[in-house]
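In what comes next, chain A is part of two complexes: it sits with chain B in the first one and with chain C in the second one.
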Partner chain A sequence: MQIQYNTQRLSMRFFMLMLVLFVFQAGFGLLLAAQQADPMLLAGIINFNVVRAEHLNLGLLWILAGFIGAILFVGPLLSKRELASPWLIKFLFYALVVTIVWNVGTQYLAMEGTAGWWAGQPWLQEGLEYIEAGRAADLVILIGFSILAYVVLRTFPPVSEWNEIHWGLGIGVVALTVVWVFGLFYIPTIDMQEYFRWFVVHYWVEGVWEVIHISLVGMLLVLLFKVDVKSVGFAVFWGVLLVWLSGLIGNAHHYFWIGTPEFWQFWGSLFSALEPLPLIFCFWHVYLDAHQNRKPIENAPAFYFILGSVVLEQVGAGILGFTMTFALTNVWSHGTWITPAHGHLALFGTFGMLGIGAAYYAVPVMRKALDFDQRLGKLAFWLLFTGMLGIALAFALGGTVQIYAYRTLGLEWFGGDVFPIMGIYKMLVPVAGLLFTLGVGILVFDLVTLGKRVRSLAGAGETEPLVSHSPHGWAKPLTGYEASMWLTGMWLFGAIITLGLLSFNLHMVRVEGNPILPYVLAGIGYPGLLLITVLFVWRFLASLEARASAPMRLGEAALAPA
Partner chain B sequence: MSCADGKNCNEAKKRRRGIIVLGLMIMIFIILSGFSFLGSRGRANPDAISFGAHQAADGKRVFQAYNCMGCHTMVGNGAYLAPDLTKEYTTAGPAWLAAFLPSAAGWPTEAAVRTQLTNSDVAADAGVDNIEDYYKKFPGARERVERRGGGTTLMPNLAFSSDEVGQLIAFMKYSAAMNTEGWPPEVKTGSLERRLALLNGGSHMLATATAASAPVAEGASATPADPVARGEELTKEYACTACHALDDKRMVGPGWGGLYGSRVKLADGSTVTADDTYLIDAVIAPDKQIVEGFPPGVMPKYDTLLKDDDVKAIVAYIKSLEKP
Partner chain C sequence: MTQRIIDGTLSVLASIVGFALSWPFWRDFEYWPESREMWWLYFVVGFVLAVYVFYVFIRVTRTLFEHDAIGKAAARADAAANDKAGAP
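Moving on to the complex of A and B:
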C-alpha cells in the first residue's frame, strides 16, 4: 500500500491537529476529574464550567479533525482522482486552527458573564452544553463544513457512478453542514431551545456522524482486509437506513422532561430502544469482514482501534444507551452521572477511536513506514480502551448512588449529602483518567514520530508468537457462534443494568428507601458488562493475531524498507 | 446477512421500501413536533414572568452568559457537578435566592433571608412578609438555613450585578413554572430526618445537627463586649459581605476597607465624610444618601432588623477595617 494520489497527503495535517487537540482535551478532562474530587481546585481561576466547555468542545473538534483527515484520505481513492481545490482544504485547516484557538479563549469569558450579545445573539460564547461556541465561531465553522462538503462532492465521480460509500460520505458531509444550522439561533424559551439543541447534538451523532462512521468503517475494512466492496456496500446501506429509522424518532428520548408533551415518552421509549439494531448489524459485519479470509493483519493498531470503535459503539452507545432510554429508567438516570458513563464510551469509543484507527492506517502509508513498530500502538490501544472503560465504570457506579441520594431521598445538598456518598467513585474517575492519559501520551508519541524514529533492529516489526500448527484455546479462530455468545453476554449484563435502573420505581426502593436491589444489580451489571467487553476484545484480537503466520511477516518486513 | 453475488434478493425493491418507511417516520416526527409547540398547550412563557422589575427572558441570557449549565443542570441537561435548577424557585423561593446569589460562596443565614423579605419586591413575589410564613411556603429554604446557614458552599463567587440577580430569579421562576411531566420524580421516602438516616445510617444525622447548630450557637451565646468583635459577628450573620468587600473593592455595594473617615461623593453631587452618623444612616436608611455610581433601592433597610447597638457595632467593625 502506498500513496496513489498526492492530495491524500493533505489528511496528514488534520490527523496531527487531531492529536494535539486530543492531548488538550484529555488534559482538561483530567483537570475536570480532579475538580469533581475537589470542587475548590482552581475555583475563581478557571472554574469547572469553563474547563468543561473546553473539554466538550475540544472533544467534538478533534473527532471532526479525525473525520476530515479520514475523508480526505479515502476521498481520492473513492473517486480515483485528486481532491478538488486543495487550496480550499489548506484554507480550511488554518481557519479551523484559528477558530479553535479563538473558541478556547472565549469560553473563559463565562467566568465574568460575558456572552457578547449583539443583534440578539451571543457572539463570544453561548453557554449551552455541547454548543458553547459563540456565534462568531459558529459561522466560521459553518463555512468550514460548507468547504468540506464542496470539496468532497466536487471530488466524487458523477452521482450515477456512486456506490453506497459515496452516498454515505456524500450525505454525511452535507448533513453535517445542514444540521449545524439549527444551533445558530438564540431561542428565548427553554423547551424550544432544548428541542433544537438536540437537533444539533443528537442528529449530529445519531444521524450524521454515525453515517460517516459506518461509511468510513466500511471503507477502512475494504482497505485493511481487501474485502468485497459489494458486501460492505450492503452493510453500509442497511446500517445507515437502520440508524435513521430508529434514530430519527429516537431523538424523542431527549424530549421526555424538557417541557414538551408527555407523548414523546411513548415514541422515544419505543424507537430509541431500536437504536442498538444498526449497531448490532455493524458489529456483526465487522466480525464477518474480519474473518472473511485468513490473511494476517498487516496493520494491527489500525484494526485494534476500528474494532474498539465498533465494540464501544455497541457497549457505550448501544447497551448503555438502551438501559437509560426508557421513560421509566430515564426518569431516574436523567441529569445524573449515569449519563456521562454512556456519553464517554459512546463518543470517544465510537468516533474518537475511528479517527485514531484511520490515522494509524493513513500515517504509515504517507510516511512510507509500513513496517513500523506496532507495539506502542497496541499498548496505547489497551491503555485508552481500559482507561475509558474505567472512567465509565466510575461514572456509572457513582451515578447509581447519586440517584439514590439525590432522587430517591431527595437530598439536594451536593456538598453535604450527595458528594460524601459518591466519594470513592469521584476518586476513581481521575485514577482511571490517569491510565487513559498515559495512553494518550503513548499514542501521540507513536503517531507523531512514527516512521521518524530510529528503529532498533531487535524490536523492529512484529514479535508475533511463531504459531506453526493450528492455534488453539484462547487464540483459536473465533466462530460466528462464539461471537454471538459474547454479544449475548454483553446484552445480558445490559439487561441487568436496565432492571437495576427500573428497580428504583419499586415500592421497596422508592418509598421504603432500601437501595439494596438497584445497588446489587448495578454492582453486577456495570462491572460485568465492562469486564466481558475487555475479555471479548482480547479474545477477538487473539484469534486474529494467531492467523498471522511468521513467514509472511518476515517476507513483508524484508520488502518494506524502501 | 448480505446479498451474495448472483442471488436475486430483490435488493433494490427492499431498499425503496425502506426509504418510504423513513419518509413516514419523518412525517410522524414533524407532526409530533408541531403539536409540542401549539399555543393552546399553555406552555410557560418567559415574556409573561417577572420578578419585581426583572424579566425572565433577560434572566435566560444571564444564565447562558455565565454558562450556569456548565456546572448545574437545567431540565436535567448540563453538567452534573451541581444541583438541578429547574425547580429551585419552588424549593427555596425568591428571598433565599436573593440572599444567596450575590455571594454564592456562602450559605445564607436566616437573618440574611429575613433581610431580603423586608424588600417589598421580594415579599410581594413570595406572597409572604415574615420568615415563618416564608418557611411554610418554601420548606426548602428552612432546611437550607438550618442545615447549611453560615457555612461555605462549593460554588465560586460570581460577580452578578444586582440586576442580574433579579433576572436570574425571574428565570428560575419561569423554569419552575414549566410542566416537566413528572421529572424530577417526587420524593416519597418521608421526612428529612428519615431520609438522612437512610443515607448514612443515623450517624450522619448527628453530624449535620451539630454542624447546623454550631454557627447559631456561636452567634447567640456570649455576646462579646467588644463592639468590633460583635460587629464582625453580625456581619457574618447578616451576610453583609455578600455585597460588601472587606477591602476597598467594589462588589454590589462599596467596599468597607478604609471607608471610615474617607470622603464619599454622592449621587446628588455633594460630598460627605463617612463618619458614624453617615454610616449608621447608610445601614438603617440606605436610600437617603446614595453613593455616586450605585443604583438606589438595592441595599435593604435594616432599621427594623437591627438594634441600635448592633448598628453601632457594625459601624465600629467597619471603622476597624483598613485600606489594604
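Moving on to the complex of A and C:
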C-alpha cells in the first residue's frame, strides 16, 4: 500500500496534533486522579474544576483531531481524487491549534471569575464543566467545522455516485457543524445552559460521531481486509439507521433530571435501552469482515485499535450505558462515579481508539514504513486497553459505594463523609491511570518515531505472536458461535450490574439501609464484565495472530471459520 | 413466513422486557396532563416503535450473516477454480 494522493499527507499533522493533545489530556487526567486522592493538591494554583474542564475539553479535541485526520486520509481514496482546497485544510489546522491554545489558556481565568463579558457574551470562558469555550473560541470552532464539511463535500464525487460510506461521512461532517450551533447559546440560568450542552454532547456522540465512527470503521476494514465495499455499505447503512432509530429518541435519557417534563422518562428509558443494538450489529460487521479469509493481518496495531474501539463501544457505551439508562437505575447512578465509568470506556474506547487505529494505518503508509516493528504498537494497545478498563472498574465500584453513602444514607459530600468511604477506589484510579499513561507514552513514541527509527529485523508478518504458534487451543480460529458466547457472557454480567443498580430501589436497601445486595451484584458484575472483555479481546487477537504462523495451501485462505 | 413470525415474537418479547424496565413505577400520574388517552397513545407508540427497531435489528443482522455466507461460498468457488487451473 502506497500513498495514492498527495493531499492525503495533510492528515499527518492532525494525527500528530491528536497525539500531543492526548498526552496533555492524559496528564490532566492523572493530575485529577491525584487531586481526588488529595483534594488539597495544587489547590489555589490549578483547581480541580479547571483541571477537569481541561481534561474533558482536550478529550473531545484530540478525538476530533483524530477524526479529521482519518477523514482527510480516506477522503481522497473514497473520491478517487485529491482533497479540495488544501490551503483551507492547512488553515483549519492552524486555526485549531490557535483555538486549543487559547481555550486551554483561558480556562485558568475561571479561578478568578474573569469571563471577558462583552455585548452580553462571555468571550474568554464560560465556567462550564466541559464543552467549555469562550464565545471567541466557539465561533472559530464553528468556522473550523464548516471548513471540514466544505472540504469533504467538495472532494466527494457528485451525490449520484455516492456509496453508503460517502453518505455516512457526508452527513456526519455536516451534522457535526449543525449540532455545534447549540453549543453557542449562552443562557444565564444553569438548567437551560445544561440542556443545550447535553444536547450538543449527546447528539454528537450518540447521533453524529456514531455515524462517522461506523463509516470510518467500514472504510478501514475495506483497506485492511480488502473487503467488498458493497457488503460494507450494507453494514454502514443499517448501522447508521439503527443508531438513529434508537438514539434520536433514546437521547432523552439525558432529560430525566434536568427539569424537563417527566414525559421523557418512559421513552428515554425504552429507546436508550435499544441503543446497544447498532453496537452489537457493528461488532458482528467487524467480526465477519475480519474473518472473510485466513490471511495474516498486515497491520496488527491498526486492527488491534479498531477491534478495541468496537469492543469498548460494546462494553462502555452499550452494556454500561444500558445498565444506567433506565430512569429506575439512573435515578441512583446519575451524577455519581458510575457515570465516568461508562463515559471513559465509551468515549476513549469508541472514538479515541478509532482515531489511533486510523493513525496506525495511515502513518506507516505516509512514511513508507509498511514493515514497521509492530511490537510497540501492540504493547501500547494492551496498556491503554487494560489501563482504561482498570480506571472504569475503580470508578464503577467507587460509584456503587458512593450511591449508597450519598444517595441512600444521604451523607454529605462536602461535609467529608463520603470521601473516606470511597477512599480505596480513589487510590485505584491513579494506579490504573499510571498504567494507562505508560501506554500513552509508548503509543506516542511509536507513532511519532515510526519510520524514523532503525527498523526491527522482524518484518510486519514475522513479529512474535502473543500465544503459541499452534492453531489449536487459545489461538484456534474464533467461530461465530464462540464469539456469540463471549458476547452473551458480557451481556450476562451487564444484566447482573443492571440488577445491582435496580436493587437500590428495594425497601431493604432504600429504607432499611442494607447494601449487601447491590454490593454483591456490583462486586460480581463489574469485575466479571471487565475480565471477560479482556479475555475475549485476547482470544480474538490470538486467533488472528495465529494466522501468521499457520501458512495455508492455495485456496485454503478463502475458507473462513465462521 | 415462519422466520418473520419468530423474528416478530422475539422483538415483542424483548420490547416487553424493555417496557417493563422503563415503566415509571414511582409515578402516580397526577402530573399527567389533560388527556389520559394521549398518555396511552404515548405508551403504545413507544412500544410499537421499540418492536420495530428490534425487528429491524434482527432482520439486518441475519442478512449480514447471509451476505457473508454468500461471499465465502463465492470465494471458495473461485479458489477451487484457481486450484484446478493451476494443477499440473
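Here is the rule we use: the second predicted complex is superposed on the first by the 528 of 562 C-alpha atoms of A that agree within 3 Å, B and C clash if a C-alpha of one lies under 4 Å from a C-alpha of the other, contacts with A are read in each partner's own complex, and residues count from 1 in each chain.
Keep this in mind: a contact is a pair of C-beta atoms (placed from the backbone, for glycine too) under 8 Å apart; a residue touches a chain by one contact, two chains touch by 3 or more.
Just so you know, these numbers come straight off a predicted model, no measurement behind them.
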Contacts of A:F326 with chain B and chain C, given as first, second, both or neither: second
Most chain A residues touched (candidates chain B, chain C): B
First (chain B), second (chain C), both or neither touched by A:T106: neither
First (chain B), second (chain C), both or neither touched by A:T155: neither
First, second, both or neither for A:Q314, with chain B first and chain C second: neither
First (chain B), second (chain C), both or neither touched by A:T350: neither
Partner chain(s) touched by A:N49 [first = chain B, second = chain C, both, neither]: first
Chain B versus chain C as contact partner of A:L274, first or second or both or neither: second
First, second, both or neither for A:L128, with chain B first and chain C second: first
Touching partner for A:T336 - first (chain B), second (chain C), both, neither: first
Common interface residues of chain A - those touching chain B in one complex and chain C in the other: 231, 234-235, 238, 241, 245, 249, 262-263, 265, 267, 281, 284-285, 288
Contact footprint of chain A on chain B as seen in their complex: 1-5, 11, 15, 18-19, 21-22, 25-26, 28-29, 32-33, 35-37, 41, 43-47, 57, 60-71, 73-84, 91, 140, 144, 147-148, 153-154, 156-160, 164, 174-175, 178-185, 187-190, 194-196, 198-200, 204, 208, 211
Residue ranges of chain A in contact with chain B within the complex: 35-36, 39-40, 43-44, 47-50, 52-53, 107, 110-115, 117, 122, 125-129, 132, 188-192, 194-195, 197, 230-231, 234-235, 237-238, 241, 244-245, 248-249, 251-252, 255-265, 267, 281, 284-285, 288, 331-332, 334-337, 339-340, 402, 405-417, 419-421, 510-513
Residues of chain C that touch chain A when the two form their complex: 18-19, 21-25, 27, 31, 42-43, 46-47, 49-50, 52-54, 56-57, 60-61, 63-65, 67-68, 71-72, 75-76, 78-80, 82-83, 86
Complex interface listing, chain A residues touching chain C: 228, 231, 234-235, 238, 241-242, 245-246, 249, 262-263, 265-267, 269-271, 273-274, 277-278, 280-281, 284-285, 288, 292-293, 326-328, 480, 498, 554-560, 562
